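Okay, got some structures for you below.
Next, two complexes with chain A in common: one pairs it with chain B, the other with chain C.
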Partner chain A sequence: MASSSTTDTNSVPVLPAKEEKAIGIWQDSFGRLMKNRMAVLSIIIVLIMFFFAIFGPFLTPYDFLKQDLSIRSQPPSSEHWLGTDYLGRDVLSRVIYGARTATLVSLLVVVLSSFIGIVVGSISGYFGGKIDFFLMWFTDLNMAFPNLVLGVVLAVSLRPPLSRWMEQMYLSTANPGFRQSSLLDLALVVTVIVLVAWCPYARVLRSQVMAVRNHNYVLAARALGLSTFTIVVKYIIPNAIGPVIVQMSAGMGSAMLTESAFSFLGIGINPPIPSWGNMINESLRQWTSAPHLLAAPALVLGLMTVSFSFLGDGLNDALNPRQWKG
Partner chain B sequence: MARYIFWRLMRWIPGVIFLLFIVYALMFFGGGDPIQIMFSKEATDAFLPGNPRYEAVKEQLGLNRPFLVQFGDYLWKVMRGDFGISLNDSRPVAKSLFAALPITVSIALSATAIIAIVGIPLGVIAALNQNRWPDNLILSSALFFWGIPTFVAAPLLMMLFCWQFPILPVPRGWAGVFTVNAIIPLTVASIRPMALVIRQARSAVLDVLSEDYIRTARAKGLPEWVTIIKHALRPVLTPVITQMGVVMTNLLAGSLLLEIVFGIPGIGRLIRDGILNNDYSMLLGCTLVILALVTLTNLLVDISYPLLDPRLKQAQRGDV
Partner chain C sequence: MGEILLDVNDLKTRFRSRGKLIHAVNGVSFHVNRGETLGVVGESGCGKSVTMLSLLQLLPPAAQIESGTALFNRQDLIKMNFRQIQKVRGGKVGMIFQDPMTCLNPVLKIGDQVGEALIYHRRVTKEVALARAIELLRLVGIPDPEQRVKDYPHQFSGGMRQRAMIAMALACEPDLIIADEPTTALDVTIQAQIVELVKDLRDRLGVAIIWITHDLSLVAGLADRIMVMYAGLIVEEAKTEDIFDDPRHPYTLGLLSALPAFQAEKKVRRLASIPGSPPDLRAQPISCPFVPRCPFAFERCHSEVPVLMPIKGGEGSGHRIACFADTREWRAKA
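Right after this comes the complex of A and B.
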């Protein structure tokens, strides 16, 4: 999507000829990104969330699991800045811990799905032919249908085998980690979102690889007798990665959104581990009597997803100045 | 035209069957034992594997046949409108689906109408004011609303208009599109996918405005609004309609969450109940209906192309 900051459309060559120039491109893009005020604001908000996600346990005023039934559903006060929930837990601590859940899930999802996308996209783009046809048919199909629905199917049907496997691992290794339901939730949610979310990465990288693969330096590498693997990994992917980074920022936001949607539906992160999605779901029951319970996670989640949306847009303008995406 | 439609069908039908196969296989191999789920409320050992009563039910429901036979049987029955029975209350899934479908579809269709009526003019306004404040305002608000999840927007709007400024009744349930209760749900449903239409309409108008015939129209002294409405708008519709498949996908995903927030008895509620009760046959039916709705939209989009753009009508006579 274009915004006011993309007026210089032809100033930057897409492919660097030398190593030094590659740095120039990144600096140039960075400068363009910094000129976009909304993007800078989003970066600050995202960094603040990362800060809370990493140092959350040292910052929360209370234990996010500590219940106190004598102070159930209290409005905000000086002891509990965001009030308490229906079990008397401190909402601020839970919202901060929710940042941890959201960040962990979305980082894992982005790393894994972009990895799968890069592998599939480079195979598809480099080799073409029947493999390409099938892979693109499949990603088309995946992208045409709502991720949420496919995700529900995956989450519901992968849970029993995964929990059986974890129980078996517990019996054979006696490692109590395999009995933690929060670990099961996390593994399940990440797997499901990765399975439905890798397709856009594959498509983006494929079109880039197809643009790059016929350049002379690839031909030269082939003439030198380098293996296909080396050519793809060393020469093609580094020159095709730009749009994937844009996609990663957008993917981070949508992974966060999908995680909270799954937790909202009760198939993602389950209580008592706080996720903004399951906090919204829990507080919908009593939103008239205790609206702050609903407002706190909803506003924070909205702020985060909006920030990622603006950041993705800013990155797109900064890294793909020629692209006039509609 | 028939050939064109045939090829479009060939593009979608194998895909839908393939997806259905994956979904069925996931439920079949991954999900729990349907008979144990069906009788989970009866605390007896009679319905554990190996027990004669268990085997009898299995035989009766045809669950001891091979996987592919069961899948074929399911497809065949679905084509005749039989979606099997719910594992929760043993009622036909088709009955619940046909009760819920009109509600979800009416939400989706009216939201589509709102998106078109509001979104296209906004996109046109943005394009006509390219890089000036109306453009920036429209684009950033579109981006803003695109970022907000449905299940965040829905409760926040509800709190704002039913509690903070109580001008609307609390929406609960569904009594039709043209009721006061539908205002908040429809707003929430349409506001997020509207961003797609606004962007598409904007870039389409920008493309069209640089065409020669627009310059001609302006040069011969037509008023600007006649130029826009008579000459620029029609070619803009094609790319916007192209986007309708994506819009529908987003609308359906959004309406699932929406129905849960507002207690609307549509497909979303069925999916929610299916998740809570481990009701695999219900989930399968709902997934199938949603796949069908998305496919139908995409087919309609494909078919309406040549009707809107005469250049494509020529193209499809030769090859697809």
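Right after this comes the complex of A and C.
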């Protein structure tokens, strides 16, 4: 036996070893995250919002579209906890439904933009050289565009041809899905945000990949003859992904904010589908007489943005323990 | 002895650094027979590792192979394209690196990493790879391998990680293992265990080994032949006994006299060292690179680069040196 020279034959009495489960790097980080109070609070708030986003339609006290012009712009009451808006619609129901819009948009934005960012960033960082130069030049170029201006240009120029196309599709297929202008809104606002939002992911991952690719285990993996794809996906990205996860959390918040900004300007989600942004826009007309209409969506939006930002902070501490220097 | 497995001829590797060329490997020729262990000895920066990385085309982007051939099973490794060399890496040639603490991917379980090469080279399923990983870990002496495959690298000690690295290198039953200072980062007792393990595996599996080290005494009991490198050149190559009993190159002599002696009756003395430092590799040498540090140097050494030649009177033994001075004569005079 090869082990004869290494494992001692004369056994020393020992306590029976306790069965302990292997703790991986991710569980370890999760434990650290759970010790951070602000992060835990943020997670709870975020989870509550996800809950409302998913089950919102079953929880809202009223139909978010139902108008009742006899009770326009009411202050909060026992019947309408957050009052009613200028068309007599229940604000609480609309805020809850707005969570659905915000979550859907920001999740789509974060998933799509981080995917693009990870692909671009890992290619750029791993191969370096001319590929890196070109991809980073493209990324910088993209980041130089002001998000809002790009959004306005794209929304204005893309909407008419797309809605014409949808109308034609409806006429030829009679599929009612093509009559849903809210789907077009959603697709446009997500596309416009993603077009710029992937850049930070690409840059963050690229810098991480450049550090990780010089690790010995990458050389060892190359010496094993593994394919470049396997090395990048199994050896480099998992070791470089930490800051991207932090960026994703911050990205959720900023995507919500951007969506609201677009909707506020009328180029995002259009009424009557509620979005916190278009709710703020609608309530601005009477904010002196009915400030709660403005406050409700604005406060929720603020709370969510702050929560995601604290969650990102907590994730940063949990995933990069070296930064503690404690 | 045996059939030639690897035959390297006039290998030259250069680094580009701040617009200057570093002549890291300056025309190295050697061979390894099937099942043989070759020890490669030399101080830091003498080109040992770069030579071996060149063979598998694992050099950093700043380095470049200028010329040379490396016939492995009669195929030239240097001329292989990416797909071909990938098949050789891990499949035919396993590599073990210096620092086991950083050579394992921290986010992959040990079992997955050891089996990885099998999935890639042999196209086996995950289950087969895991079963083979358990077998390999048992082979390299890791106790309770069924449980340990589920561990992450940070739960392994340095010695165990090096064992796991050896298991990885052995996974596809390679013909050759290149061990690049595999024990340097380990403490002395673990070093001895790893050396014993490698010896044992070599005898049972018949794998050829190139063992790179800067510690002559470490390869004494392990290698069949030893090759001493200095400044990107091979300065002496001989059977292990001959290196220790009949060293010819002044540098080898210096290395041997720098070894600590263990005889109790010997008076405790300071360890001998070789005065001076290795040459700057930026200039192409026009003299013997060892000349500034050589006690035997004469005029010819300053104007000509010695080539590796069989020693006088020992042509059949495979003992070769790159030196004009016959140190044995000098020693006899002294």
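Just a few scattered comments:
Here is the rule we use: the second predicted complex is superposed on the first by the 276 of 326 C-alpha atoms of A that agree within 3 Å, B and C clash if a C-alpha of one lies under 4 Å from a C-alpha of the other, contacts with A are read in each partner's own complex, and residues count from 1 in each chain.
In this section, a residue touches a chain if its C-beta (ideal position, glycine included) is under 8 Å from a C-beta of that chain, and two chains touch if they have at least 3 such contacts.
Everything numeric in this text was worked out from a predicted model, so none of it was measured.
Touch criterion not met for A:V233: it reaches neither chain B nor chain C. By the touch criterion defined above, A:I44 lies against neither chain B nor chain C after alignment on the C-alpha atoms of chain A. More chain A residues lie in contact with B than with the other chain of the pair chain B and chain C. Of the two partner chains, neither chain B nor chain C is touched by A:I131. Of the two partner chains placed by superposition, A:L183 touches none, neither chain B nor chain C. Once the two complexes are laid over each other on the shared chain, residue contacts for A:L59 go to neither chain B nor chain C. Of the two partner chains, chain C is the only one touched by A:A220; chain B is not. Residues 1-3, 7 of chain A lie in contact with chain B in one complex and with chain C in the other.
Taken in their complex, chain A has these residues touching chain B: 1-4, 7, 38, 137, 140-141, 144-150, 152-154, 156-161, 253, 257, 260-261, 264-267, 277, 280, 284, 287-288, 291, 294-295, 298-299, 301-302, 305-310, 313, 324-326. Interface residues of chain A, counted against chain C in their complex, comprise 1-3, 5-7, 22-26, 128-129, 215-217, 219-227, 230, 234-235, 238-239.
Looking at the complex, you find that chain C touches chain A at residues 56, 58, 61, 86-91, 94-95, 97, 99, 102-109, 116-117, 120-121, 138-143, 150-152, 155, 165, 168, 193, 196-197, 200-201, 204. Of all residues in chain B, only 15, 18-19, 23, 26-27, 29-32, 131, 135-136, 139-140, 143-144, 146-149, 151-153, 155-156, 158-159, 163, 170, 199-200, 202-204, 239, 245, 249-250, 252-253, 256-257, 260-261, 271-272, 274-276, 278, 280, 283, 286-287, 290-291, 294, 298 touch chain A in the complex they form.
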